[in-house]
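For reference, the structure discussed in these notes is given below.
As written, the chain order gives the labels A, B, C, D and E, with residue 1 at the start of each chain.
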Amino acid sequence: MVTASWYLILAAALFTIGAVGLLVRRNPLIMFMCVELMLNAVNLTFITFGRELNDIGGQVSVFFVLVVAAAEVVVGLAIVVAINRRRPQATADDLSALRG
Amino acid sequence: MDGSMVLPVIIFLPLVGAAAIALIAPSRSTVLKPVAVATSAATGALTLWLMAAFDKNDGDFQFTQLTEWIGSAGISWHVGVDGISLFLVVLTGVLFPLAIVACDPPHDAKAYYIWLLVLETGCLGVFLSLDLVLFFLFFEVVLIPMYFLIGSWGHENRKYAATKFFLFTMLGSALMLVGMLTLALLAKDYSDTGEITFNLIELANSAGELPTITARWIFLSFALAFAVKVPIFPVHTWLPDAHTEAPTAGSVILAGVMLKLGTYGLVRFGLYLFPEASRYFAPLLFTLGVIGILYGAVVATMQRDLKRLVAYSSVAHLGFIVLGIFSINTEGIEGGLLQMVNHGLSTGALFLLVGFIYERRHTRQISEMIGLQKAAPVLAAVFTVVMLSSVGLPGLNGFVGEFLILAGAFVAHRWWAVVAAAGVILAALYLLWAYQRVFHGTPDDANRSMPDLNWQEKLVMLPLVGLIVFLGVYPKPVIERMEPAVNALIEHMEDIEGFESPTVDDRPEGSFEDLRTLTDDYGSDEGEGH
Amino acid sequence: MSTLVDLVWLIPAFPLAGVLILMAMGRRLGEPRAGWLATAMMGGSFIATVLVFIGLVGHEGDEREIVVTLFEWVPAGKLAVDIGFLADPLSITMALFVTGVGALIHLYSIGYMHGDEGFSKFFIYLNLFAFSMLMLVLGDNLLLTFLGWEGVGACSYLLISFWFTDEANASAGKKAFVTNRVGDWGFLVAMLLAFLTFGSLQYGEIFFDLEQNGVAASTASAIVVLLLVGAAGKSAQFPLHIWLPDAMAGPTPVSALIHAATMVTAGVYLLTRMNPIIAASHDWVPDLIMWVGLGTALMAATIAVAQNDIKKVLAYSTVSQLGFMFVAVGSGAYVAAIFHMVTHAFFKALLFLGAGSVIHGMDGDQDIRRYGGLARLLPITSLTFVAGWLAIAGVPPFSGFWSKDEILAYAYGENKVLWLLLLITAILTAFYMTRLVLMTFFGPPRWTDEEVEAEADEEAEHALPHRHPHESPWTMTVPLVMLAGLAMVAGVINLPFASDVHFLGNWLKPSLLGNEGHLSFGGGTQWVLAIVAIVGSLGGVSAGAAVYIRRRIDPARIEHPFLARAWRVDEIVTNFMGGPGRRAFERTTQFDEQVVDGAVNATGTLVRRTGTKLRASQTGLVRSYALGIAVGAVALLVWFITRAGF
Amino acid sequence: MLSIFAQVDIPHIEWLPLIPHVVMAGAAVVLLTIVSVAGRWLPRWFPAAWTVAAGLAVLATAIPVWIRAWQEGPHSVVAGSIGVDGFSVFIIVLLACTVVLTALVSDGFLQRESLDGPAFYVLLMLSATGGIAMASANNLIVLFLGLEILSLAVYVLVAMHLRRAESQEAGIKYFVLGAFASAFLLYGIALVYGATGSLNLIGIEGALRTNDLSDNGLLLAGMAMLLVGFGFKVAAVPFHAWTPDVYQGAPSPVVSYMAAGVKAAGFAALLRVFFAGFGEVADEWQPVIFGLAIASLAVGSLMAIVQTDVKRILAYSSISHAGFILVGVQAATHDGVASVLFYLAAYAAMAIGSFAVVTVVSGPGDEGTALDNLRGLASRRPLLAAGFTVLLLSQAGIPFTAGFWAKFEVITAAVDARSFWLAVIAMLAAVVAAFLYLRIVVAMFLDAPDPDAPRLHIPRGPALAITIVVLFTLAFGIYPEPLLSLADDAWLNLRLRAH
Amino acid sequence: METAVFIVCAAIVLAGALGVVLARNPVHAALSLVGTLFGMAVLFLNLEAHFLAAVQIIVYAGAIVVLFLFVIMLLGVDRLEDLSVEPITGQRALAAIVGLGTFGLAVAFLLSGDIGLRSVGILKLDIAGTGQYSNLRQIADVLFTDYVYAFEATAALLTISVVGAVVMSRRMARSDEAQETAEDD
């Protein structure tokens, strides 16, 4: 029988992978994907807790998280598109004019 | 006029003047100075009226006005004057018009006069407020006008000096705010009402209840702020720069009035609020004071810049004042207060004279001046008088204060006074040497043609010299107005903390007549000489 | 009771009025009216003094201390000081000769300062000086005395550097003031101690308190020693005497008035005034005063032997004579001290004015090696000068003899060695004064002799080829004559023969409060001592004659460079000031610039540096920012894990 | 089917407290429709005017809510997901003012830069809606949504200056980091949910009150993650790195909104969750805030003094201001909250004003934001320089400006909570910070203007905005009582009446 | 049974996640993201969140990933990213530490804290859906009651994303865009 902890640890692992991915990848799109991974991890956590607490709140939260994720991606991609129009193939590291 | 309204009027009249000046059209720039002079002179007149109307037998605060200002924070508009602050107010009222009349700004006259008047309001506010926060507000806000005065109308190195002055003093007062709040919040717990208040008098009356250690810490936070303002060695180095770079009027006000904010604070918010702590730290402070006396004099001797020299002489003089204040007895404190006024007059006058010389010679370097007495005898004569007063020559104002300080200090801490007295020698050394180098000798071409004082400048110096002589010969009017307040302060300290203010024990009054009755047989046993 | 004594405030009021009037309109009055006004003021002051004197005589012998208070000066706490005058025999005696001699010197100055652009200013200063001096003398409390004390110091500063365009005069003035300040420090501290001990600064109250409650001998000693420091400063006693010779840079009347007759005697006056405290102090204290006096007297006398500047000679002789007075004070002979002070005032003023007249005649040359044979050309001057010479040399019946003899007598009573040394000093005095007189007025005139001039050129900056020495105007000679007269007869005010002709002694008694010392031996010894003294002074004179007329000994062997350079005291002091002293000052200044202010600026730069360092963290790379966030998150987690329970 | 709906009981919704939310969001949507329908017939000024009107409307509608909250005490509506209390109303009013002023500042700017006006205002108002939701959310999910609404809109606003590469760079940076941080925040919410079994602050507060969870790992981890999220929004060190870059890159009016509005909303949420929600376990999180405060104060002021770009300077100074506000948060007392509110109001005025000045000075292309561009401003535009000086002095905390009282209140709170050392450090940091404001003043007054500087054109909108904030700063600097008592009455707690 | 499913799905999820992080080609990354999402969906089923499982597939896999792919194609940013080099020094090392830290600490916390009080859940429902209400029904129920405000708020969220997309994709006038790009390169 799988206890909640298994799910939670899996979520933690996923979250970590996402975070690390965002730190190591330079392609903005992939960084976004990593954010998605983190959000998914959170979703898993929510749902696990929801079940443990026998509370629907967890699942409802996940619903909203999905919406947020969608909206975020749209905006993010729009920005990336705009940047690419000016600087094709720009990686995250290329955008470092502002510093100091 | 209604007694309780006079102080607010005094404080805000200059501000009104500043506003008026701000509204003057640029085209009519000729009226700027008259307006500025008029307002400051009116303020000065009011302060004189205040002195006249002041009840000299009352040691308590007079003309007080107390109205709630920020109730939720326990801050109130609370002003009042007593013997301790009275003459500083008068000094402020007198010096500002003179400083304004004395020298015209090279550019941006409008802003210049506005800042000066704002500064006057600030200084008066500091001396008159009886609410800690109110005091702090004024104490801090004076930085702004002085910053701009130095920064905009100063000499070569003005930006550095102005910034240094601003940050140094601000750093000092930063901790004072924390101390103030701590004090008020702790006092709230002890007070019966449970209301927070920053009312100086209430806080002072509950001063006894503070835990000793806490009180000492808070005192330190206050003392630091004032020490920087005074300035006490070793936090004095902003002063030479600020004085040297400031325009003449700036230096005059800085030395004449603003340094007193610190010493005044030490009396009003050091001794009065923290009797125990100020006694506990007195040795530290008057030791620093004595160091300042000698140190300032020694460094002054070696200066090549005349203005800088005068600036360092201030360090020495204020060392005396600190010494007097922290000998915590009537003579010492009164001497300190008196010396505040004296220093304001003499050093103010010195800076004016140096300014006059600068306007003529466009240099402050002692090495570039020689034999000015030949070229400008009147200037030299005035300089001599002021210098001798600064040296502490009896019969001029400087001496009385200095002697009182030494008397008080000697009673309290003998050896410090003995050392401090040596400062008198050094004072003579650096000033006379400077005088010799600048005024004596045969003038070269650069200096031979220097014009003497014009009528306007004479007009400015006249009251200063007059006061210098008058206070030297007849300081009684000042002292007798101070005395009740000072005694009240000492009694307050003794009540709160039950210590004996160090003083001379009473001796039987006696004179030659009594002496005769005592020794009626003297002279009878004379063995014949031959 | 007596109204006359109440006029005492008039005495200083006159010169003060003079000062104010001259300040207001001195320029307009111009020469010579300004001078006449000042002189008139001094005359008025003298008359007032005489009136007060008469009034005082009218009093009972032991009620001759009248205090006239004008107003409260410094009423602060326990310290209450009035502007009040003490009219008693001592102060009035002083006032008499201060105003008297002062008036004469004012008169003299009218002629002497003729044509000087600072004419009226000079008289302002002179009057101001007279005022301060009288405050010093008449003040009824230490603080007021101190006011006069510092006042005369300031005036001497102003007058010494009167011709300020010459750097030498300027620094001489400064030196005088600063050296005096060293002494004033002693006076100041003495006052503080007195205030602490007696709770007052008024003479009356101090003495009363002393009489009633007594005082610890140690305290009294401390006060006296500190006063001695002050007195030594003002009265040019070793080691603070260095300023007086330089002070000769001032105009000669100034030297006569301030640096011979009046100001320099203030120290003696002060000690005499405080005699009860001296009496109350340890025994070594008077001895100290005595030996200081003796040392100074002897040293100055030896130096005077080798000086070539006429005023320098007189200056050192003044120092030496003041030494005599200190010896007198130290040996309890206050009367003798005052007596000598008075006589000295007469003859030394006379000598200085004479010297001034000579200098005037020699167009400003002061080097006696270029004098000689002036007796013919300056008859009055030389005659009066001779009178002064005999007086100071101690030749009876001239005044100097009487006063010096009395001092010697007391010295003998105190200590034989002391007496012997003092006697030697007296002989030296006679010797160098003889030298001075001879070289100035007698012998061949050297002021036309080319070759001497050439040799003189080396040290004298200006050689004066053709001179026509001439007698001075009457305004200068009249004072000379009057002073000469006084110098001759002044001895009569205190003749030793019987106590009832011991006028000054009896007169001063009330002021001395019974602390006057008494001779421990009979009249016989006194006669012997007197004779020895006479012999000694005559011997000195003849020795001088032997050397400087008959040339028995080469003067050069006597005028040893070490003496010429004043025992090098001055040099040592100067070297110290210019050397270690100055270096210490410079070090302190560097310390201020580099350490104290350096710390401030260092803080500033430190803050700035930190900022710049931190700035490197702002790489502009989004991923490193993200890393920062992640690290922060981990940090917070770490903190919280410490709070979690396991 | 009917039966089903019969069993679903739609909660009774009390509308009054929601009106400000609705007005703000509605105004945005309506504006959007209007411009898309009748865009070309509208005058240029219309969107700005509309936004100002909307903001004022929100202000107006907030008043009854305040009264309600005052009469009935703090309570919550919409099934406990929206809190109605003075605190939220205060923030709502603040946000509304921010919107109004930002609209004024942007007027003229958008024309100058020829940017898409209507969209700008729409996003501005929507973002403000999100802020309002954050400020009044009693439910963590609502709070999260509010935060996302706020942020997404701002991401776009930051990046929308398509002619400036910096603008887009700032946008992408802000977006990536924001998404990253909000992921942490969300994880935190999940963990807190797990620990307390509730997403509702009331429930959470109740749970913490009734049983001791102070060492529950989930709760603690949750708090840590939440702090990461909030720390990012309020730009607290070490989550601050985005601030200078974004402030420099973003269009200046947007920065004034971010500095004033976004920060305010962030702190509102922070206080709501931690003070109101986690008040019981304050001992656990106070030290963390302490640390964040010190770090922000130090880093903010130290790095600011070495900058040469005014926007960057102000960005770093905003970091140190965040540190100051955290000092008030750290007190975790009612006074602390009041002081934070006061500080937020005062700071909003200074920030908007300062960036308005930058907007005006920076000139075409929003390029001239270097310190040199301010040289001699006093002689070119005396009044502008004077106003800016007032705002800068207020930031430095000089007496007789609102900024002084802000610091005063915060320090008072800290001292009252016996955090003396924090107070001392804060004051020292203030001195360091003062230096950088002086630098700007020096540039304006003590430096000579460069002769070929273009003549400055000050549009009406910014002029009005600057005037307003300067007057505000001075007025409340001289007599802060009204604002103080307002902040004092803005109770934040969750002792609720059921609705 | 559940255990087996969990293990398998966990494996898929992690594999996919690692794929996202490690794939050099964005397209591959997107595809492996899909894998993760599918695995996640199954886990949702495991946790009796049937509705969400469905939404997960539709919204995420169906919409979001497709969006990603569109953008990748649109921009042609399918250029391979060289993962062998890390321009920022220490980035990876620190990232690794952070990763381990986060994970380790998270695990520690998860194990230290017991999942809180089942008593204070706002809404007591039998979420297993065995009763009369289906999981979907329950969600809907809560959505329109307790979370109605949040539900409405999402409207604003979506509006923003639309407006934002429009604003960002608005093209500048040809001319200045050309010169912009010119001066950029």
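As a convention for this text, a contact is a pair of C-beta atoms (placed from the backbone, for glycine too) under 8 Å apart; a residue touches a chain by one contact, two chains touch by 3 or more.
As the structure is a prediction and not an experimental result, all values here were calculated from the model.
Contacts with chain C and chain E are shared by A, D. The most distant chain from chain E, with centres taken as the mean of CA atoms, is C. The central chain here, found by comparing per-chain C-alpha centres with the mean of all protein C-alpha atoms, is B.
Looking at B-D and D-E side by side, the one with more C-beta contacts is D-E.
Spacing of chain B relative to chain C, judged by their CA centroids, is 35 angstrom. Averaged Cα coordinates give chain A a centre that lies 25 Å from the centre of chain D. Centre-to-centre separation between chain A and chain C, using Cα means, comes to 97 Å.
Rounded to whole angstrom units, the spacing between the C-alpha centres of chain C and chain D is 79. Shared contact sites, meaning residues of chain D that touch two or more other chains, fall at 141, 145, 148, 152, 155-156, 159, 162, 165, 172-173, 176, 180, 191, 194, 197-199, 215-217, 220-221, 244-245.
Shared contact sites, meaning residues of chain E that touch two or more other chains, fall at 88, 91, 94-95, 98, 102, 105-106, 108-113, 115-116, 118, 121-122, 147, 150, 154, 157, 160-161, 164, 167-168, 180, 184. Contact with two or more other chains is made by residues 8, 15, 18-19, 22-24, 26, 32, 48-49, 52-53, 55, 57, 60, 64, 68, 71-72, 75, 78-80, 82, 86-87, 92-93, 95-100 of chain A. Pairwise chain contacts present here: A-C, A-D, A-E, B-C, B-D, C-D, C-E, D-E [touch as defined]. Partner chain D is touched in their complex by these residues of chain B: 69-73, 133, 136-138, 140-141, 143-144, 147-148, 151-152, 158-159, 162-163, 166-167, 170-171, 174-175, 177-178, 181-182, 185.
Residues 141, 144-145, 148, 152, 155-156, 159, 162, 165-166, 168-173, 175-176, 179-180, 183, 186-187, 189-191, 193-194, 197-199, 244-245, 248-249, 307, 312 of chain D touch chain A in their complex. Residues 164, 168, 233-234, 236-238, 295, 298-299, 301-303, 329-331, 334-335, 371, 373-374, 384, 388, 393-395, 399-400, 403-404, 406-408, 410-411, 414, 417-418, 421-422, 424-425, 428-429, 432-433, 436, 439-442, 473-476, 479-480, 483, 486, 503-512, 514-516, 518-520, 522-523, 525-530 of chain B touch chain C in their complex.
Chain E meets chain C in the complex at residues 88, 91, 94-95, 98, 101-102, 105-106, 108-109, 112-113. Across the interface of their complex, chain A is touched by residues 2-3, 6, 10, 13-14, 17-18, 20-21, 23, 26, 29-30, 33, 36-37, 40, 43-44, 46-49, 51-52, 55-56, 59-60, 63-64, 67-68, 71-72, 74-77, 79, 81, 83, 86-88, 91-92, 94-96, 98-99, 102-103, 106-107, 110-111, 115-116, 118, 121-127, 135, 138-139, 142-143, 147, 150, 154, 157-158, 160-162, 164-165, 167-169, 171, 177, 180-181, 184 of chain E.
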